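Here chain A shows up in two complexes: once beside chain B, once beside chain C.
On to the complex of A and B.
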């Protein structure tokens, strides 16, 4: 009889308790993996943001706009491969089918050649260039608003008054999982020529530029900002990645709380596991005395107990990973994606592996104290205990 | 009924097991109560400042001060309305300019965040009686002086007393004081003079919003109806209290939902923990239970006794959890409000209701976790148990 057999047999001596403990470990793994998946998805925006693309906007505030003529000066900077621009529209659905979606006016000549992760069929692009009020939507937004190419779409804005009428010319396909599928792009000139946008005439929200060499992004950013340093409207330029990173600070407190909570569930799991093992060990003290008496060493006893603890937690870990796949990838993910909060919400395999490894590792930790206590008992004392 | 002392002593005999289970439950209650306290903090931050007898006027469809603009002629017309409270020395109508600026965190991380700047006219500070300057002094009207809310004082580069920041090139604003506003979201803003800020930003004569003190809260419905009926004005009118609630409902809903969901998932683990412990207790005490039955205690008394013990166990954890969660009231955390694009700082607020609900939550966990083991205990046959 080896260690594994002994541990396995012991596991089923109190079937009800073992099943409950396995369940507790599984639930803990599920919670841990769910929280960590959320954190990973949150960070994905930063991790996958393009580092070969620069964003330029007003230095003082995201609500302030830049003169359109800045475009030519950005384009003239050596090292800039291509530039495009857009303005925030503050779009909202008059029928309130979705609480929030991104809507912006972009240059129809250049937008999709710089934002290459949003793929648009050449025919759709041609159609857009011919249609002044043409709009291109993400698939999730199109589904929510129940429109398909060729349809008329009426949108309102919290910046510009009244109804705005568009013609849906097509959808864009996300080539990266971080692309927002809940957004809408329409032509900037359509906005600029409307009298209701008079106070933003010939102004643009931000400039996006593709650069030849990603390593030059910091230097190029400084060069662009320097051009406008003496003007009334100063700019701030950063790589997309740096921008995402710099605004993560606003969520850092929340992310930290999530992190702490994910540690707390591991502690609870360890406590439950240790409790189960301690109870089993207490019941079997007499037995361990017998084992010692027939020649097993204290090390063997430690091995038996820790082995049982690890075995329970491994089974719990496997069940937990299964539950996570079912719950996060099957239920929560599609729901969250449908709301448009995260573009692709799936538990990364690294998170699943980590959760499983932690469960197994903490199984060992939980077994150690009861194991040492049982093994260090004198054989005669252990035998005397009959309870 | 089995004496309660029996249960309490039983719990204390098995210190390790009781302790481990109670600590587990304590952590669950901690998370649960913490979530409710954060929700209360947001409610306090956004709802507290709002008054029912103050109406806020925004451009129709703008939903928030940030994207709204109200023309000077509308402001002038509002001043003529009969519903405006006219008290000597106090403004009845104020027009304010609200903008957000990008500010760098002072912690040296290079992180950026959005800060709300409110330009208020002379009399705007007195318009809110809850507002108190706690350090330095209030800015002089018509100057480039500003004061900063207590919650964000020192959080950003240049936005602390004695420092200055730029709203535009060579347009520095001098921070001269720190203010409190009963924990409301004003404490996450910077306040200065409306005209000076509007000029610095190159804004036209329009303001972002108008606030009107009504002679009484009951005037509101007619006031709203008559203004919104006039399509030329193109305005929407809300009670200030409703407006502030609306500004945070998504954030509050998101946070409370998120953390209560986590706490409920946690509670599943804790209930399993309680069930394991109570199961063990029943298994180890079969002989005791048999004796109790032999002495004449009914099955129902045994059932009740063990359920009670489970509830005690959980309440012990709940008490520890609710006691420790009070530590959170010393902390506050900044968070981005998606609806206003700006950061607000939220504290954890404890109320007696939250404490009671949390303790009740722990006892329910004990009840559910202890039910099955208690049924097992009640089924013990006295003869077999005493035979051993």
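On to the complex of A and C.
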């Protein structure tokens, strides 16, 4: 036996209460980890953005277009290894099999040589180049729309009227977990040559450039933007990370709410745990008096109480992490990925570790006040206390 | 002081007192109202004696026991126990001193319900630097002394009241303290169990030379002590 034996045995003194408290901690850890996983997955695209790529868009807004001729000037900038472009199409499924998917028109000659995390087989690429209305899909979108290479696909757009008919020439393979498998790329010239897109004629949405030296990112961005400073359509060039962040700015309020809710969950967990520990301590005040009488010091009493609180929160944390693996990684993740809402949705180990460590840490916090109260009682007062 | 041992204990007290109280006052406060519980009390307890303290409820018996056991400090006066001035020690020093000097026996046994008999007895030893094997050895000896070696793995709920009190006595002696203080040790026991416990205390006093200071309401229990004292309104009578 050692001093920890007492704290450990105390944990199961009121079995029902302990089990409920452990479950409360576990559910709090599960909710916290789920919210944090959502935030992490939301940010994953930013975190894994290529450091050797720059994005150039209209200085006013991503919704405003740039003249296609800018491409030549961007490519002519020393330090730019390759550039490509794309335009947002606002794709939607007329049969409503999916609520949302990304569809954009891209340059068929250069897109996949710059966006190298989307891999296509050479034969598919050749077929795309031969097929003006060719489209390349992510595997999840292809499954959702029930198409395979060679099939005809009709989609609509929020921006351009009517039905748009494509031929699926192949699928791309994601080389990073953050690549959206629920998107579709088709040829920009197909859009550009269609009379329904007359207003967008020879315009592009954004430019992606691969650079020779990631360290030159800031300088190259300034140089590119300087070229268009005196033009009607001015540009803003940024790292791919900043480009991704600018999209997420629209969701910042929602992400902040998620963050606040996750903190509130932890506070509730701490209060539940503190209440349980306070009840236990009140019931055992006399016993702590006996321990003090036989020579245990106030510090020992603090150790017993905080130890029990931490032990409960550790067990709750372990159960919570287990539930997270089961629920988020086993059930929710595949479903969310299958629906194309997130390219990847798995609880990262950093989130699991953080949730567990927070549970243990807050377990200590929850035990401190009851522990200090119990340990500071006079021995004679504690011995008189019978609850 | 009891007449039957007056002369004998008186001479012993002067020679080798293990407990010595001089002009001890103890005042509690109920709100702003002071309540004098002990009033300029003097007491000498010779080493190796078995003393019983009787008195009506509220006479100050438990307060006096708490002072001797180092659980409380006097408002004024001096309490010297086993050579230590209890009133001048810090809480930490008192805790350490108690663990080495005092063995406690309570009325309601006060065993820890989640620990076995052996683990309850081992508790005070956890505060020492003894290794696990040595602790186990001492626990076995203490339980053998109280006749419960075969109950060492039982939990308190699996023991009778008398057995629980004997385990509590084993816990009180496992550190080999100089003094055992017992607060109504037979108060929760039937006559047979009470006799067993008193026999055990007598044995600890005679065979192991432990000084025993016992508070009791039970005249039969007090009869077993070598010295009987009576406290009334905070003063020995």
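Basically, the second predicted complex is superposed on the first by the 383 of 387 C-alpha atoms of A that agree within 3 Å, B and C clash if a C-alpha of one lies under 4 Å from a C-alpha of the other, contacts with A are read in each partner's own complex, and residues count from 1 in each chain.
The criterion applied here is as follows: contacts are C-beta pairs under 8 Å (C-beta built on N, C-alpha and C of every residue); 3 or more make two chains touch, one makes a residue touch a chain.
In this text the structure is predicted, and so the values were computed from the model without any measurement.
**Student:** For the three-chain model obtained by superposing on chain A, do chain B and chain C clash or fit?
**Tutor:** Aligned on chain A, chain B and chain C fit with no clash.
**Student:** Which of the two partners, first being chain B and second being chain C, lies in contact with A:234: first, second, both, or neither?
**Tutor:** The answer is first: A:234 touches chain B but not chain C.
**Student:** If you stack the two complexes on chain A, which partner ends up touching A:10: first (chain B), second (chain C), both, or neither?
**Tutor:** second
**Student:** Output check: A:279 vs chain B and chain C. Expected answer is one of first, second, both, neither. What do you get?
**Tutor:** In the superposition, A:279 contacts chain B only.
**Student:** Going by the contact rule set out at the top, does A:380 touch chain B (first), chain C (second), both, or neither?
**Tutor:** Only chain C is touched by A:380; chain B is not.
**Student:** So, does A:294 touch the first partner chain B, the second partner chain C, both, or neither?
**Tutor:** Touch partner of A:294: chain C, not chain B.
**Student:** After the superposition on chain A, what angle is formed at the C-alpha centre of chain A by the C-alpha centres of chain B and chain C, rounded to the nearest 10 degrees?
**Tutor:** 90
**Student:** Would you sort A:21 into first (chain B), second (chain C), both or neither based on which partner it touches?
**Tutor:** Only chain B; A:21 stays clear of chain C.
**Student:** For the three-chain arrangement built by superposition, which of chain B and chain C touches the greater number of chain A residues?
**Tutor:** The larger set of chain A residues in touch belongs to B.
**Student:** Pick out the closest CA atoms of chain B and chain C after fitting on chain A and give their distance in Å.
**Tutor:** 14
**Student:** Touching chain A in the complex: which residues of chain C?
**Tutor:** Answer in residue numbers: 66, 69, 71-72, 91-92, 95-96, 98-100, 104, 106, 110, 112-115, 119, 122-124, 126-127, 171.
**Student:** Which stretch or stretches of chain A touch chain C in the complex?
**Tutor:** The contact residues of chain A facing chain C are 1-3, 5-6, 9-10, 12-13, 286-287, 290-298, 378-380, 383.
**Student:** Give the list of chain A residues in touch with chain B in this complex.
**Tutor:** Touch list, chain A to chain B: 14, 16-17, 20-21, 23-24, 27-28, 30-31, 34-35, 59-64, 90, 92, 99-100, 156-159, 161-162, 199, 230-232, 234, 236, 246-254, 257, 261, 264-265, 267-269, 271-272, 274-276, 278-279, 283, 387.
**Student:** Give the list of chain B residues in touch with chain A in this complex.
**Tutor:** Going by the criterion above, the answer is residues 16-17, 20-21, 23-24, 27-28, 30-31, 59-64, 66-67, 99-102, 105, 109-114, 166-169, 201-202, 204, 234, 250, 255, 259, 262, 265-266, 268-270, 272-273, 275-277, 279-280, 283-284, 333-336, 338, 341, 343.
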